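See the structures that follow.
In what follows, chain A forms one complex with chain B and a second complex with chain C.
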Partner chain A sequence: MSHHDVVVVGTGLAGLTAAVRLAESGARVLVVAKGVGATHLSGGTIDVLGYAPERVERPREALAGLPPEHPYALVGADGIAAAIGWFKERFAAGSLAPYAYSGDVEENVLLPSAIGVARPTAVVPETMAAGDLRRDEPICVVGFRTLKDFHSALLADELGRAGLTARATELELVPEGRRDANSLGLARGLDDPAFRGQVVAQLGSRLRAGERVAFPAVLGIADPHGVWAALEHALGRSVFEVTTLPPSVPGMRVFAVLREALRRAGGTVLLNNVVTGAERSDGRVSALRTRVGLREERRGADWVVLATGGFAAGGIELDSRWTARETALGLPVAGVPGTGEERFRPGYFDDHPIGRAGVAVDRELRPVDAAGERVLENVLVAGATLAGAEPWREKSGDGISLATGYRAAELVLAASRTVVATGRAD
Partner chain B sequence: MAQLQAEVLVIGGGATGAGVAWDAALRGFDVVLVERGDLAEGTSGRFHGLLHSGGRYVVKDPVAAEECVVENAILRRVIPDCIEDTGGLFVTTPDDDPAYGDRFLAGCRATGLPAEEIDVADALRLEPRLNPQIRRAFTVPDASIDAWKTVWSLTRGAAAHGARILTYHRVIDLHRSNGAVTGARLRNELTGEELDVEAGFVLNASGAWAAQILHMAGIEDVGVVPGKGIMIAMNHRLVNTVVNRCTMPADGDILVPIRTVSVIGTTDIRSADPDEIPVTQAEVDQMLDDGERLVPGFREARALRVWAGVRPLFQDAKIAAVTDTRDVSRTHAVVDHRVRDGVDGLLTMSGGKLTTLRLMAQDLVDAMCAQLGSERPCRTAEERPPGNEEPEHYRLGSRLGRREETLQDEQLICECELIGRNRLEEAMRTRGTINLDDIRRVLRLGMGPCQGGFCIYRATGILHSVDRLDGAQAAGSLRMFLQERWKGVWPILYGDQLRQARLDDWIFQGLLDVEHLP
Partner chain C sequence: MDVLGPLLMRESLDHCVKCTICETFCPVSNVTPLFPGPKYVGPQAERFRVDGEPSFDSSLDYCSGCGICTQVCPQGVHIAEINTQARAEMKATRGMPLRDRILGRPTLAGRLGTPVAPLANWTLRNRLARLAAERAVGLHRDAPMPRFAGRTFQRWARRHAAPAAARRVAFFHGCGTNYYEPRLGEMTVALLEHNGYRVEIPKQDCCGLPLQSNGLFDDARAYVRRLAKRLAPYAREGVDIVGTSTSCTLMLKREALEILAMGDDADLRAVSGRVFDICEYLLAMHERGELATGFGAIPETVLYHAPCQQQGHGIGKPALDLLALIPELRVVESDATCCGVAGTYGLKREKYDIAMKVGSGLFAQVGESGAREAVCDSETCRWQIERATGVRAVPPVELLHRAAGLP
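What follows is the complex of A and B.
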């Protein structure tokens, strides 16, 4: 059986944040996960709080109005700000540097979604920053016929309906010889200067004076800063990315940067490890059981950070008899309507009673039962597994993951300084 | 106001109406068919997909069984591409009386249904997921039938013989003159425009909505009782053979493999209004428990979609006196309004089932010919409507086979249902629709495991780019699709289906922020 100071379960933003923060502080960290996490699905922006339920301009002020069971209430605006600061530093010194993030908890920007909604978000990669729709500079949206996950004409039309000046153009370029490319295929294409040259050549004459240029978020996977800067230079104007359907290239960049930071700090990631349970005594977990293919392994740990996601990622399941289950450790799940009670409403956009279900925690992110009693002393829960939020509606997903993952690490470090020191001395 | 003339006005664009239009057009009548929504949007598109062998009725209703035996064989011949030859099994579960099997076999013999008892071990080899506790098993020629394909094929065939098919046209009044129905006023549901159809004869094939139509002719108290049945499509072919419980027909006793799913059905609950048929949690639980009886572990399998259909059950006191005995069995009946109500030029088809749609159409058009004194023989037992030129049945995998031929040249817009961009654009052009939900029915877009999570944004973008939608329509169509989809999934959101739904929430709300589209 292996033994680590901390075993983090999950490779989404919450798990990676906790793991990197801990490893960089000297802890011996193992990350186990079934597969890569939701970074590959998310847009690559850190949304702190976009709607509450009206559109939020100043997240710090709106955070104060959240109910006490919301995950942000456990972290506080200063805690979120600290996590954001840390995140931005990881990129400034990261494997894709100088690819960098800007923004903070004080003010939201409005970036277009792939369908042209002015979507509020807080912290954005440099490759998206020029898309802020609070600026009234006209926009030319560039699409690729080969990329079915981004429709430039629709995007421009919807922006126009929202009162912005936007038009669209579509390029007939085939990256890697594939007529059916996804965002990653195009991103690899754009990393190639020759393909980029074709983009500039087709596009250059179509642009009008004063226009900024929107691309799908495919401006490079190996060197996004280089691709973006080269396009701005060649086109002589601001260029920005717009999130596409998954797979998300900016999300993959987040995963790459954090995973590389973890590797540099001595941490390990093991994928295809499904946590099936734990050995526990005296209210503590001493080891996790993981399934690796058909084999079962035990992973000893002083601390466990659980960041397996919610229903979408499989961290929580609901069975056909409407019983919810936290899948790794069997923690209590809060917020699930009881037998005979309404779980969903008939309108898709309605507020659904089960929407905020998840694992409830105390102020130190330890899981609690229905009575509010802590159920495990050395397990901390972070990210979308937490009860109390509807991140896809609030536009708060990455913010919650980043802030609670970071807080989980801080709490472990604070509680275990001596243990960690001893561990390093071995 | 626009005017149309027709010899025959068919009301209803489901299987019955499509069959009637095809039958009448083949006999040389000039036909107009009107449908208030899209073709097969009502009961026909909301059934389990079972082409009955007749086995379900051999004990309870031998007349219905005989009809099924004959019609099953005819439909296999004339619309082979709409049918998958799955075969069927009747199985005696531990909750069923094994003695019923003997009555079942006797009934099959009496009705000419080729059934055969097989060893339970053989049945389990054929369908390994079946409940190993079954005690008897019988093979029958059940099959699965694609109702949408059937209705389009029949209406295309009718159109090729001159029929005009008006979808999204609602009958808002029936014209009457001297005690006869002479036509109808229609409203185009997309534009709001009204038009009059002057018709020599009106055939009411509106199924569970028949009473609403008859009300416009001043005819009341017709015993059409909408009967709600719910069905759940499971995300896998849990079985590859139609599986029936060998017992008197009851709820939740049929599991039909169709295309990439298997459908369990159904219930039977009286409903006052055919447009108000909500699915309840209790009904879902009942279906899942019934599924467990046939296939252990059913509750752990992923449910994909739930819906309710509404049968046109027929119980009319006046009818027994005026029609022959065959028509008062539970099968179907032609309601002769001349005899019943003193109204000429109007016949109603009541009752019936999809398996006997051809016979129902024949009976209705025969009755019309008799009133008109016109001798024109029915040809639908021999003629094949478009798309069914080859004698081979549909096979699971046909679409994949076609798709592989163009894999290098074409974008795959819907990975679940293997829909390429060319096919999507063609459907958008030929159907002339701006409605994603119509495209869904034509191509099965958004009906696969991802439930539209990926393809619907793409389809919206493509609809917009081929100039069928402006921005406001695109937003409206997308929102409507999401709501329609939600109706079919929210009562079954557990397990992997909830996981998928939550992923789709992330895409539509988290990434696209569609709820804030202007």
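What follows is the complex of A and C.
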């Protein structure tokens, strides 16, 4: 059986954040996961709080109005700000530097979604910042005919309806050797100066004075800063990316930077390791059981950070009898409506009571039971597994994952320091 | 517990949510439009494949079988396994090239080549002979070919006097060690004996993996059954089985059970639970405090590449932890996912260029690292790296053996 200071379960934003923060502080960290997490599916922005329930302009102010069981209430605005600061530093010193993020918890910007809806978000990569819809320069939306999931005309029309000046154009270009390309294929193409040159050549004469240029988020995977800066320079105007359907290139950049930071800090990642339970004694977990292929392995740990995601990722399951289960450790699940209680509301985008179900935790992110009693001393829960939020309505998913993942690491570090300082050992 | 129950291969496609994560990691679709990607060819196209009807999707044959898609899938879909099964079905209905029948049988080549090693090695490196082989059977003229050692590891093992020791372990050396790299077998035995093991070397044959990856399932099953029967007595006595060929140990651990659906073979079930990759085994010994770690310094820089098929074990990169025990050895870790060759894929005329493109990132890293040696757990990957870079490629065991000061 292996033994690590910390075993993190999950490779999404919450798990990777906790793992990198811990490994860079000298902890021996093992990350186990079923597969690669949701970073590849996220837009690559950190949405802290977009709706509460009205559109939020100043997240810090709106955070104060969240109910006490909301994960943000446990972390606090300063805790979120600290996590964001760390995240931005990680990129500044990361493997894709100088690719950088801007923004904070004080103010939201409004970026267009792929179908032209204004999307409030707080922390954005430099390649998206010029898309702020609060600015009034007209927009030329550039599409690639082969990128079937990004419709420049639809995006431009919707922006027009929202009162902006926008029009669309489409390029007939495919990276060499491809008949067809998804967003990643185009991003790899744009990393190549030759293909970029073709884009500039085809596009240059179509642009009008004063327009900024919207591209799908495909501006490079190996060197996004270089691709974006080169296009701004060549086109002589602001250029920005609009998030696409998966695979999300900006999301992949987040994964790449955090994964490489973890590798450099000596952390290990084991995929296809599905946590099926734990060995416990005295309210602590001493080892996790993981299913690896056809075998079961034991992974010893002083601390466990559980960041397996919610219903979508399989971190929490609900059966047809309305019994909810936290799949890795069997932790209590809070917020599941009981028999006779309202579970769903009629409208698709309504506030559904089941949406807030998850693992309830105390202020130190330890899981608690229905009576509010801590069930495990050395397990911390982070990210979408947590109860009390409805990220897709609030637009808070990335912010919760980042802030709670970071807080989990801080709590483990603080507790380990206390143990060392008092000479107490388990 | 029937562990195969919840892991049924084809049925896992229903868990696919079309997130495309597998496609972003696929090394083959990244370099060629001939393979549209694991999601398209796997869980999507599989819905259109009907029992008894011909399969119409030839792009399936361009999957290299590296297995990375299955590794990264967050939903537990057995993408690579589904594709391997579907390809076998396709080749069964369309006819199997002679070349794939030959490549699938390394023991046959080994038996024929070993007694005439100088001639066989000369032929495999002769331009005209290789051009002829390319024309006749479609084996690419530049594809890496191993060198027959001219002796077998089994012959050495029969003469080797194993010292008495408290613990026993069985050694599954595979065809690569037997015919091409007998020295690797000798070093492995020396290292295990140095750590207090009596190494038993059962008579053994191919594990069937090359037949499986070339789609010859029935023939592969016959090999698996024969090998499992030879190894099962050890497993049943509680003796662990270690292997130096990381893809062949994976075959016994799970691929034969999953892909060839051999769950009813009691011998294989017994073996599957006891077989370990050599570095996995040594690291577990180290974690128990049982590994002799008095290693001497190796003041060198090496580049380590974890083969994709080793990643299928789900054990991470145990070689890195072991190499870190060697004083003064500087290990540069490659972040490349695949060297391209994927067993026999990169040897084929129509796939050689793709394999070289897949491996190009790794080959560049070998060059940039300034390493005198590349370290890699898999023999076919080592041959590919050596052929492409000119840098000597060695198994991790070789460095551990050297650092331990063993003869």
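Just so we're on the same page, the second predicted complex is superposed on the first by the 411 of 426 C-alpha atoms of A that agree within 3 Å, B and C clash if a C-alpha of one lies under 4 Å from a C-alpha of the other, contacts with A are read in each partner's own complex, and residues count from 1 in each chain.
The definition used in the following text is that contacts are C-beta pairs under 8 Å (C-beta built on N, C-alpha and C of every residue); 3 or more make two chains touch, one makes a residue touch a chain.
From a predicted model like this one, the values you see are computed outputs, not experimental measurements.
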item: First (chain B), second (chain C), both or neither touched by A:Arg179; value: both
item: Contacts of A:His151 with chain B and chain C, given as first, second, both or neither; value: first
item: Touched partner set for A:His3, first chain B, second chain C, both or neither; value: second
item: First (chain B), second (chain C), both or neither touched by A:Leu294; value: second
item: First (chain B), second (chain C), both or neither touched by A:Ser205; value: neither
item: Which superposed partner A:Asn273 touches (first chain B, second chain C, both, neither); value: second
item: Touching partner for A:Leu41 - first (chain B), second (chain C), both, neither; value: both
item: Touch count on chain A, higher of chain B and chain C; value: B
item: Chain B versus chain C as contact partner of A:Gly314, first or second or both or neither; value: both
item: Which superposed partner A:Pro247 touches (first chain B, second chain C, both, neither); value: second
item: Residues of chain A at both interfaces, chain B in one complex, chain C in the other; value: 38, 41, 179-180, 246, 313-314
item: Chain C - residues contacting chain A, complex; value: 3-4, 7, 19-21, 23-25, 30, 32-33, 36, 70-76, 253-254, 257-258, 272-273, 287, 311-317, 333, 335
item: Of all residues in chain A, those that touch chain C in their complex; value: 1-3, 33-38, 40-41, 177-180, 182, 184, 188, 246-247, 252, 260, 263, 268-274, 292-295, 313-314
item: Footprint of chain A on chain B - complex, ascending; value: 278, 281, 288, 299-300, 303, 408-413, 421, 454, 457-458, 460-462, 464-465, 470-472, 474-475, 478, 482-483, 485-487, 490-491, 493-495, 498-499, 502-503, 505-507, 509-518
item: Chain A residues within the chain B interface of the complex; value: 38, 41-43, 50-51, 55, 113-119, 146, 148-151, 153-154, 157-158, 160-162, 179-180, 243, 245-246, 310-314, 317-322, 340, 343-349, 391-393, 395, 397
